[in-house]
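So the structure is just underneath, and the comments pick up after that.
Chain naming follows the written order as A, B, C, D, E and F, and within any one chain the residues start at number 1.
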Amino acid sequence: MKLVIAIIQSDKLEQVHQALVDNEIFRITVSRVTGHGQQTNVDLYRGQEVTPNLIPKVRLEIAVNDKFVEPTVSAILKGAKHGDGEIGDGKIFILPLEECIRIRTEERGGSAI
Amino acid sequence: MRAARWVCLISLALLVCHTPQVMAAGHEAAEPVINSGTIAWMLTSTMLALLMVPGLAMFYGGLVRTKNVLGTMMHCFAAMAVIGVLWPVVGYSLAFGRDVGGGWLGWDSGLLFLNGIDTSVTNGLPDYVLVIFQSKFAIITPALIAGAFAERVRFRGYCVFIAIWFLVVYAPLCHSVWYDGGEEGGKGYLLSQGAIDFAGGTVVHISAGVSGLVAALFLGARRGYPRTAMHPNNLTMTLIGAGLLWVGWFGFNAGSAVESGLKTAQALTVTQVAAAAGALTWIIIEGCKHGKATSLGMASGILAGLIAITPAAGVVTVKGALVLGSVASIASYLAIAVKNKLGYDDSLDVFGIHGVAGMLGAILLTFFVRTGDMPVNDHKVPHTIGQQLFIQFEGVAITCVGAAIVTLILLWLIDKTIGLRLKQQDEHAGMDHSLHGEHGYGLLNLN
Amino acid sequence: MRAARWVCLISLALLVCHTPQVMAAGHEAAEPVINSGTIAWMLTSTMLALLMVPGLAMFYGGLVRTKNVLGTMMHCFAAMAVIGVLWPVVGYSLAFGRDVGGGWLGWDSGLLFLNGIDTSVTNGLPDYVLVIFQSKFAIITPALIAGAFAERVRFRGYCVFIAIWFLVVYAPLCHSVWYDGGEEGGKGYLLSQGAIDFAGGTVVHISAGVSGLVAALFLGARRGYPRTAMHPNNLTMTLIGAGLLWVGWFGFNAGSAVESGLKTAQALTVTQVAAAAGALTWIIIEGCKHGKATSLGMASGILAGLIAITPAAGVVTVKGALVLGSVASIASYLAIAVKNKLGYDDSLDVFGIHGVAGMLGAILLTFFVRTGDMPVNDHKVPHTIGQQLFIQFEGVAITCVGAAIVTLILLWLIDKTIGLRLKQQDEHAGMDHSLHGEHGYGLLNLN
Amino acid sequence: MRAARWVCLISLALLVCHTPQVMAAGHEAAEPVINSGTIAWMLTSTMLALLMVPGLAMFYGGLVRTKNVLGTMMHCFAAMAVIGVLWPVVGYSLAFGRDVGGGWLGWDSGLLFLNGIDTSVTNGLPDYVLVIFQSKFAIITPALIAGAFAERVRFRGYCVFIAIWFLVVYAPLCHSVWYDGGEEGGKGYLLSQGAIDFAGGTVVHISAGVSGLVAALFLGARRGYPRTAMHPNNLTMTLIGAGLLWVGWFGFNAGSAVESGLKTAQALTVTQVAAAAGALTWIIIEGCKHGKATSLGMASGILAGLIAITPAAGVVTVKGALVLGSVASIASYLAIAVKNKLGYDDSLDVFGIHGVAGMLGAILLTFFVRTGDMPVNDHKVPHTIGQQLFIQFEGVAITCVGAAIVTLILLWLIDKTIGLRLKQQDEHAGMDHSLHGEHGYGLLNLN
Amino acid sequence: MKLVIAIIQSDKLEQVHQALVDNEIFRITVSRVTGHGQQTNVDLYRGQEVTPNLIPKVRLEIAVNDKFVEPTVSAILKGAKHGDGEIGDGKIFILPLEECIRIRTEERGGSAI
Amino acid sequence: MKLVIAIIQSDKLEQVHQALVDNEIFRITVSRVTGHGQQTNVDLYRGQEVTPNLIPKVRLEIAVNDKFVEPTVSAILKGAKHGDGEIGDGKIFILPLEECIRIRTEERGGSAI
């Protein structure tokens, strides 16, 4: 099992979610984060263009069984890109996941994902 | 109606201040006589009506998604800026200038930039007072429409839309309902028919509701609607907005008495009662149907009650207010249920609440008119309920049809030229970022 | 006191508008004479007092935990809906109908639905004006109590509680303190004793404070209290709420002069001064004790000052206001410290602030009464300080005992029948979700 | 100017209420005659001006970083507490006591604690009314300065600073612009020169703007400025704050007419028009320059317009208001661009907006003065535009130089004694935590 | 060492925290997240029942030494269940943790947990 | 590759960020969390000193190539300490990271970090 963590642009959440559902990944956990990368995002403040060092992003956390890793990644890649890819489109991180437990049934392992 | 009342009530006010002509003659005869009490209340009403703009911004702003909160609030503030300038420049002349269009249009080049009335005082009230009081109605009406196409219009297109809408829909309606130029000046069409619209049921709420409906249908639904749930970003703000609207409505309705006297007190009392009745009814409906009374239901009920009493505030009694408030809540609740069935996207239910409660108030008020407040016909005989009902229906129908057609043409024109609907990408990114380069709640991110 | 003042002050007002009877006789004698200035101020006061409801909703709403913010604000708005309907229907008749219960109860079936007074004008003021001004007091009082049992009551039980509490506690107290029916109508009990309660120290604040204390004790603490820290969810909202309350209080206190004249100006001035003194005192205490002045301390001090001056606003001078405001802050600060020692859960310190500052104001005011404002006895001799002190104590004591006993019975009844305390699971989940099916801050979650 | 107008306008008001002396003589001669309408409006204005304090707290509070939101709002509320107490105790005596310092300082020990005027009525208006109306100006001015050194001052130092600043800068300026003691009392220096400052352009906005600039330069920039972006934590709050400021400004400006009559209506009308013109201009500039109109731009434009019209409200016509509002927005926009170039940290642009728009309004108004509102010289001949322009320049210059020098000395003294600038660690941690032991938005964390 | 991540219902935070403390797990980090799983949660919007696709949840992050993994899991299971387990009660994920450093003392490994 | 997770005090974010940049770590993701550890943080509530059980913290997530682990850790240690280290200064957790994908270019592995 793997834990896929993706940092994406806020406006792409809907598309990514849709792409995941299309690939039969139904369970995700998302949160608001702020990111600092290559991207520079321009805000206006009283006529001045301001480049904040921290830009709002969305973080997805998806636990998947091994064979679902690639479908998940490709769904995210599909949904998260602006055009052919723009700076700031984000990253996907894949971590090993040792155990997964469904609280409701206490079942463990792959079936609990 | 209203203008007519001004004359008679202000004469009464003068009465109280006694034989002013004689008095004034004693001292410099040139000084116009003023009624400080009426002025005090009318200015207070003006301030209250202005308070409705931030109130509405809070109400609407809290209901949209986080990414559109500023854009939605800006719709209200933009009305304050755009109409706030247009009104003194040309709007007042169109609405309250001498009748030149069969009761549908005024014009008086002397009123451009309010030139001619800098020191005018009519019946104890400086003309400026009514100009500015009326300006708030002109500001709030286009802002109301914005709720119908929330979260999906371009700011530039919106500004142009409200500016022109104000000139071609609002100003004529306002003229027709409230302009009374006496012998020489002519009279607004609906006013001359004897239609009752105390504080703008047709002019403000029906016209905004219908135009909103047309705009919502014309522009189409928000992307993702209704599949994606579109959660209010801040119901506490919406609730406070509803509270401020209630407070501001006192100015709207009680100020429309254009005096500080009995009629004012009556208008304020029924406004308060109808709002409470509307709110209570809505939460009871929800309590019965879902077992849960929502805060948005409370706010919606307040609004429905206030809207329904608007055309009726000066002419019905407390019992009438209780009925109008309650029935308006029921009707709006049902109208929204129907909307959900039909599936069109009147985002913040401008038609469902303003349109429906406004029409209902304009028509139902007929049954509760206080003896003595029924308009009279040419022979000074008060209308029967049937006659008045017909007139009220006529007013509502003309407003609906007129507003709908003109709004539709206007939308089409703007959409073809500068564009109104937001581009898909911008809609996804949210208006705050794509149109205004800002974020409503910086607090959400570390800074 | 107040009612008595109406008569004399309004006669003064008429004086200013001169010989109205004669005048009016000259022209249509039927038209009642009105005082437009007084009406303007009283309507403004009404609006200001209404503004206190959203103000209180913000103040209370900001202090609870995030999951209860809407539920808490709904307590304030529900009072607006429930009492807003009850007052014109039956409440006014109970509070201001002809005395039928030994100075403790009024009744006049002609006032149901405000039927009889649609066009009444008394001493230049339409009756409606006082009806609606008074309605705000009736609305705000039950809403105040809600702070004592915040975060743990069922909405339905709460609505029933405030409705009945209003009828059995508020209406009698209001009648006893403010009803003056003249020769035939009788007089409220406390009024006839000569108790000074300018703008509702006993009726509003002491009764709410004591009832809140009883309710907090009866219902028990919030689950987890005091082990778990219960953080205010939005102190910015609380602070703005305190600001709006300050503004609204001007209407509450200065409106209680029921005129637009010297007494009004005096009441407004001391209200402003006492609020500032209360706020300054509280932050000085905190600064000395903790080295940090908190915003909640600022807000609490503002409230303590405003509450203490409420019963005294019309009768004390600026020096008295400075003292009352400061002492109220000190007393409330200590009262809350004691509460924390005792460990009961008066969640938002309704007793600690409203109860304590209210009592303190009602009693201490005796020492600062302006010469000429001291009530007179049957022989027209002003009371001595000792006599008045006794009367003030009596008023406070009766209010406390009466409110406590009746509230306790009422709580018991409601708890046994429809239930008042929230179920454990719903309390954990929060009122917003479990009772209202909503979330206050959608912005917290992605949407 | 203003004081002079009181006399003449109130006499007019009395005129309307006719031959009061005769009347009053007929009945108990002791009773002072009051003008209930004027009182009603002046008290309403007082309330509106108070509303500006929470309005400003919201405006400023929303613009700083999340960790400083409460600390910034506390700056506004602290002014309400500190000056709210100082004004009745000693401030009023300094500002409106008999002239003892060549038109720059008043003193009247009889006015300490407002002792002597508890029941005074002058020209139909209780003295208390003006005392309390004026107190709002005294409160708001120091609060405005706080924006210039937002996010980096100690609370204790700030409180001491505003207290002394109020005594040594505000009170003399206020005396010099508005005090008119008639024959015996003397006259304020600037007033005697014939300077026009209707509602506090110099006293309030220029003095606050200049003092803010000095303070910003003296204290230095926030740590990290301008490298780190300092995002507004809550622009929705800022926008609502701007809305409340607009509403409150009606009291500020129209109340400064000290009557309820034609001048009041004129002042209110141009205030509304200038605000709308300012807002529209700013968003047009932004729209042209960046393709995006921001909500902060809208709010800034509203403020610029309101500030520019403040000194001019009673004397210019609608056209003048349109020009003043627009030009003020352009000037403020440019001023802020210059600031960004220069790189000093006037955090919330107190100088860029209040200072610049204030000066501009004070000077430009000369070209739009209504015939008849131009001050007259000793021979009763109205000033020429050139003469008046010189006087206006003189007023602005004196205010700037005086405020700057005294503020600088004061800052130096406080910094050397109790300390004003926040310690590095506390600045990093944020004022809310380090100075007030609280968090503005508990909702951000689980609770 | 393991990193235990748990997604639970918001109203159960208090109970879970208590259960952890009872099992002598004192240090945790929590955050607000939004989740999408099988659960459907009904909100009301003007008389309409709305089913949001993203439901507020709480995310716990607990670094523990290996022998504390089971106590931690059982504490969460105990505290997080509604009745006998309801849809939406959440998940527990267990990840390998290579190193843990206490910033204050710079000590590393098991004793720094 | 490793995923470094650090929980730090809110007021140290700026310093930590600066220290990371000084060590040439430019990409980070941060979020608001609430923590419970040994620290007791005193807030005031109407004159009462309140010790909340959950204290606001900032969570950093930094994906790095192996040789950057120590520079990252030392930068955080440098930036996050109050004085010589105070209770509540936080923790650093290091997790194995199997894969990292840059969404824009779809490149994988070390170069995508």
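Here, a residue touches a chain if its C-beta (ideal position, glycine included) is under 8 Å from a C-beta of that chain, and two chains touch if they have at least 3 such contacts.
All figures in this text were calculated on a predicted structure; none of them were measured in a lab.
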{"item": "Chain labels contacting subunit B and also subunit C", "value": "A, D, E, F"}
{"item": "Inter-centroid spacing, subunit F versus subunit C (mean Cα positions, whole Å)", "value": "50"}
{"item": "Averaged-CA centre spacing for the pair subunit D and subunit C, given as whole angstrom", "value": "32"}
{"item": "Centroid spacing, where centroids are CA-atom means, of subunit A and subunit F in whole angstrom", "value": "19"}
{"item": "Centroid distance [mean C-alpha coordinates] between subunit B and subunit A, Å", "value": "45"}
{"item": "Interface hub residues of subunit E, defined as touching at least two other chains", "value": "10, 30-32, 34, 43-44, 52-54, 95-96"}
{"item": "Multi-chain contact residues (two or more partners), subunit B", "value": "17-18, 35-38, 40-41, 44, 69, 228-229, 231-232, 234, 260, 290, 292, 294, 296, 436-441, 444-447"}
{"item": "Chain-level touch network, classified as line, ring, star, complete or other", "value": "complete"}
{"item": "Residue ranges of subunit F touching subunit E (in the complex, touch as defined)", "value": "2, 5-8, 31-38, 53-54, 57, 59, 73, 76-77, 80-81, 85-96"}
{"item": "Contact footprint of subunit D on subunit E as seen in their complex", "value": "10, 13, 30-32, 58"}
{"item": "Residue numbers on subunit D that touch subunit A, as the complex places them", "value": "228-229, 231-232, 285-286, 289-290, 292, 294, 296-297, 300, 333, 336-337, 340, 349"}
{"item": "Sites on subunit F touched by subunit D in the complex", "value": "10-12, 14-15, 32, 34, 42-44, 52, 54, 56"}
{"item": "Subunit C-facing residues of subunit B, complex", "value": "12-13, 15-19, 35-38, 40-41, 44, 48, 65-66, 69, 229-236, 239-240, 242-244, 246-247, 250-251, 254, 259-262, 264-266, 268-269, 272-273, 275-277, 279-280, 283, 287, 290, 292-296, 298, 301-302, 317-319, 322, 370, 440-441, 444"}
